[in-house]
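Read through the structures below before going on.
Heads up, the next two complexes both have chain A, just with different partners, chain B and then chain C.
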Partner chain A sequence: MIQVRELSKFYGKKAVVEKVNVNIHRGKITSFIGPNGAGKSTLLSMVSRLIDADTGEVLVDDHLVNKMKSNEFSKRVSILKQSNFMNVRLTIRELVSFGRFPYSRGRLNSEDLRIIEQAMEYMGLMEMQHEYMDELSGGQRQRAFIAMVIAQDTDYILLDEPLNNLDMKHSVQIMKILRRLVDDLGKTVVIVLHDINFASVYSDRIVALKDGRVVKDGPTNEIINSDALKEIYDMDIPIKQMNNCRICVYFNS
Partner chain B sequence: MKKRYLLIALLLLSFFSLFVGVSSIKPMDLLDFKSEETEIFLISRVPRLVAILLAGAGMSIAGLIMQQLSRNKFVSPTTAGTLDATRLGILVSMLLFTNASTIEKMIVAFAFALAGTLLFMQILDRIKFKDAIFIPLVGLMFGNILSSITTFFAYKSNVIQNMSAWLQGDFSMIMKGRYELLYISIPVLIITYLYANRFTVAGMGEDFSRNLGLAYKRIVNIGLILVALVTTTVILTVGMIPFLGLIIPNIVSIFHGDHLKKTLPHTALLGAIFLLICDILGRVLIYPYEISISLMVGVIGSGIFLYLLFRRKAYA
Partner chain C sequence: MRNSTKLIILSVFAAVFCALYLFQGLNGSFDYALPRRGIKVIAMALTGVAIAYSTVIFQTITHNRILTPSIMGLDSLYLLLQTVVIFFLGSNHITIVNKHVNFILSVSTMVVFALILYRFLFKRGGQPIYFLLLVGIIVGTFFGSISTFLQVLIDPNEFMRVQDKMFASFNNVSGELVWWALGIVILTFIIGWKSFNDLDVLTLGRDTAINLGVSYDRVVKLMLVLSAILISVSTALVGPITFFGLIVANLSYQFFKTYKHSILIAGASIMSIIALVGGQWVVERLFTFSTTLSVIINFVGGVYFIYLLLKESRSS
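And then the complex of A and B:
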């Protein structure tokens, strides 16, 4: 479990994240949702130690994260940021191999190689493993990054807007993969999402942020209702039940 | 571009280079250890070859590290102000110590090279608009500012002629006892190879590096120290060699990507080969006179650089 305690981040005097308390449960997909500038990405970056918190603390499996060695931390928690645009020419295989960096520092043993192969197999990247990242489509590239994270073999996988710049088909593909990571491999996934319907259909729990504070936190079915959404987004959003999915019809509200 | 072929080309060219020059030396002359030919060979030809190989490999590697760490294909010691900072350092050392020894010059110049490069990286951090062409332009401007400061103080203290010697790369002055500083390139190459994986990870950005548990800032600093070391030694012994650190890593990257462990040997070899070709041409074209290496590399290198620019546009 990841426990976030009284976490705050200030830019100048303005609090971007203010006294946030959240528990992230093991073996679940937790989505962070909320309007632009609510502090979702900042919160995720603090949990993953990419930026330092000003106050408060984060515990991963009861260990304080800023007391952990960076190498140990990178074996437990991995993060993919939205700005993973690549101008470095690496092949898929080379990128995925770097997922083993925390373990091997670049000198891969047979166990590493096995895990790398497995990760690429799992993401269906075996045929194109020698292609360069900068020549792939957005969906393929995102899959390669996820394969790298799988090779990194952390219990917790954090993703900052993984669906950015992806079309519908690839967005669905990525979300299904994340679902499988949780259901088949027992990973814990935390995602920052913009599309509330992806959050509704695929996540187990939802944390809603607004103006740097948590306004809702609970199982998906408790959050996806018109009252809660009104509080989060200041919009009247009707919910329609379709094929066991709750769809928020926000387009004309 | 196989390593094997590069190695063969390097050996052939090296052999050729040893026997090109004003006084004709044939391989058979070397059998007589006491002859004048053997002496010229050992005092001038061999040091020249070694200097070219070390400078070529060293500058290419320096460029490779800079491009990786700045995440920009057009950044190199030439386009990031490193060369100009080094020259400013040499000037300062000449003004501080009237008869500066090589080591004194080396230390001051190194400090300036490192400071200049760090400053450029700081500027790079602040720039929001990270266009591939815009960044090296900023670097060139930065370099020109440093260069004008150097010129100003060189004028005031009447060392302008002295300074221009560092401006022109030239291998004809290389002799035994004047190039040994360049051997620093060898440990730099080895360290770069040992750190190759870390540099590759660092090249994917700070967030990416931290996710993999890499001490990003430390790796960047180590890389910049290596770059400053190589640049300083090359300028002090040979002079400025423009474009080398820019074009060689780019050519290798097109064929072999950016995984440093894989591309490092190619980059070092190709850099040495390219410099060797330029040097041989410079010696042969207006025989028995010589065209300086910085002019040769400048002409051929800028042509290749333009080609790379247009090629990039075609892909973008």
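And then the complex of A and C:
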């Protein structure tokens, strides 16, 4: 379990995240939702120590994050940001191999190679493993980065808007893969989402943020109802039940 | 072609140029000319390696391939130091005449300056690198302006001595200093070696590097200090020549097409040995000293720099 305690981040005097308390449960997909500027990405970045929190603490499996060695941490928690900048041409295989860095420090053994192959197999990248990253489509790139995170083999996987710039087909593909990671491999996935319907259909729990505070936190079916959504987004959103999915019809509300 | 093969081929070229420089036209003067030429070859190799090494690691930690460590203002500080000493103490003062004193003074001033800059900046946190670069540019310009001001006022004869220091020259490197510099450069390799793998990950950007368990701040700090030390040593040894690093680092990226820093740094180092020793051989034996190596380097480097700028602007 990841426990977030009284976590705050200030830019100047403005609090972007203010005294947030959240528990992230093992073996579930937890979605962070909320309007722009609610502090979702900042919260995720603080949990994954990409930025330092001003106050508060984060515990991963009862260990304080800032007391952990960064190498130890990277074997437990991985983070994938929305834009991934690279200064060098890499093939898919080379990128996925970087996922083993916390274990191998750059010297891959046979076990590492096996896991790298497995991760690429899992993401359906075996045929194009020698293609260069900058020649791939958005969906393929995203899959390559997720393969890297799978190769990193952490219990917790945090993703910051992984569906950005992806079309419907690829978005569904990515979400199905994340679902399988949780159901088949027992991983814990935390994901920042903008499309509330993806959150509704795929996640087990939803944490809703607004103005840097948690306004709702609970199982998906408790959050996806018109009253709760009104509080989060200030919109009247009717909800329709279709094929066991609760769909928020927000387009003309 | 595999990268190890490329490295071997380059090494052969470097060895050929070194041999040419050492033995061509020696006329049996083994006792007099050979040791002198030997010192020069070592000095050139050392400078080349120091500049190549520091430029590659500096470009990796700044995520930028058209910067050189000279942006931190160390070259300007070196020139300011020399100008100030000559201006106030005269060109016959021990700190100018005695090369050992000058070397130790220059290196220690530059390293202390770099350390103060980092200490001051890293305490504040936030976005250290880009802020550091900005401060470096401003401080460097400030140093440059003071130097120019003093050079305008200085006695013309003394100015000739300042001018000597303004351009890199391999023609009168002192033998003993080379051993000092060699020791320091080897030390930086021993310290930096373990972090080469971390540098490989740093090419993926800060966030990915942290995700993969690299202690980002520690590695960046270590590499900045190492590149400051290397630049200080090479500048104190032969003069300001950091522009050169831009050429060899980028040639190395293009030639090896890898992210592995052990290969990139080795490649850039060997290329700079080829360029410096080969270039000096051309200057001395073919042009018979009618021009200087640093002029050629700045000319070729300038052309290459413009090419890089055009290429970068087209790709983005």
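Keep this in mind: the second predicted complex is superposed on the first by the 250 of 253 C-alpha atoms of A that agree within 3 Å, B and C clash if a C-alpha of one lies under 4 Å from a C-alpha of the other, contacts with A are read in each partner's own complex, and residues count from 1 in each chain.
Operating definition for what follows: contacts are C-beta pairs under 8 Å (C-beta built on N, C-alpha and C of every residue); 3 or more make two chains touch, one makes a residue touch a chain.
On a predicted model such as this, the values are computed, not experimentally measured, just so you know.
Undergrad: Quick check on the chain A-based superposition: chain B and chain C, clash or fit?
TA: clash
Undergrad: By the touch definition at the top of the document, which applies to A:52: first (chain B), second (chain C), both, or neither?
TA: second
Undergrad: Which of the two partners, first being chain B and second being chain C, lies in contact with A:71: first, second, both, or neither?
TA: both
Undergrad: Using the touch definition from the top, say if A:91 reaches chain B (first), chain C (second), both or neither.
TA: first
Undergrad: Is A:152 contacted by the first partner chain B, the second partner chain C, both or neither?
TA: After superposing on A, A:152 lies in contact with both chain B and chain C.
Undergrad: Does chain B (first) or chain C (second) touch A:132, or do both, or does neither?
TA: A:132 sits against chain B, while chain C stays out of touch.
Undergrad: By the touch definition at the top of the document, which applies to A:81: first (chain B), second (chain C), both, or neither?
TA: In the superposition, A:81 touches chain B and chain C alike.
Undergrad: For chain A, give the residues common to its interface with chain B and its interface with chain C.
TA: Common to the two interfaces on chain A: residues 48-50, 70-75, 78-81, 84, 86-90, 94, 98-99, 101-102, 105-106, 152.
Undergrad: Considering the complex alone, what residue numbers of chain B touch chain A?
TA: Those in contact with chain A are residues 68, 71-73, 132, 196-198, 200-201, 203-205, 207-208, 210-215, 253, 257-259, 261.
Undergrad: Can you check the complex and tell me which residues of chain A touch chain B?
TA: Per the touch definition, chain A meets chain B at residues 48-50, 69-75, 78-81, 83-84, 86-91, 94, 98-99, 101-102, 105-106, 132, 152.
Undergrad: Provide the residue numbers of chain C that touch chain A in the complex, in ascending order.
TA: Counting only chain C, the residues touching chain A are 60, 63, 65, 125, 197, 200-201, 203-208, 210-215, 253, 257-259.
Undergrad: Over in the complex, which chain A residues touch chain C? Could you list them?
TA: Residues in contact with chain C: 48-50, 52, 70-75, 78-81, 84-90, 94-95, 98-99, 101-102, 105-106, 152.
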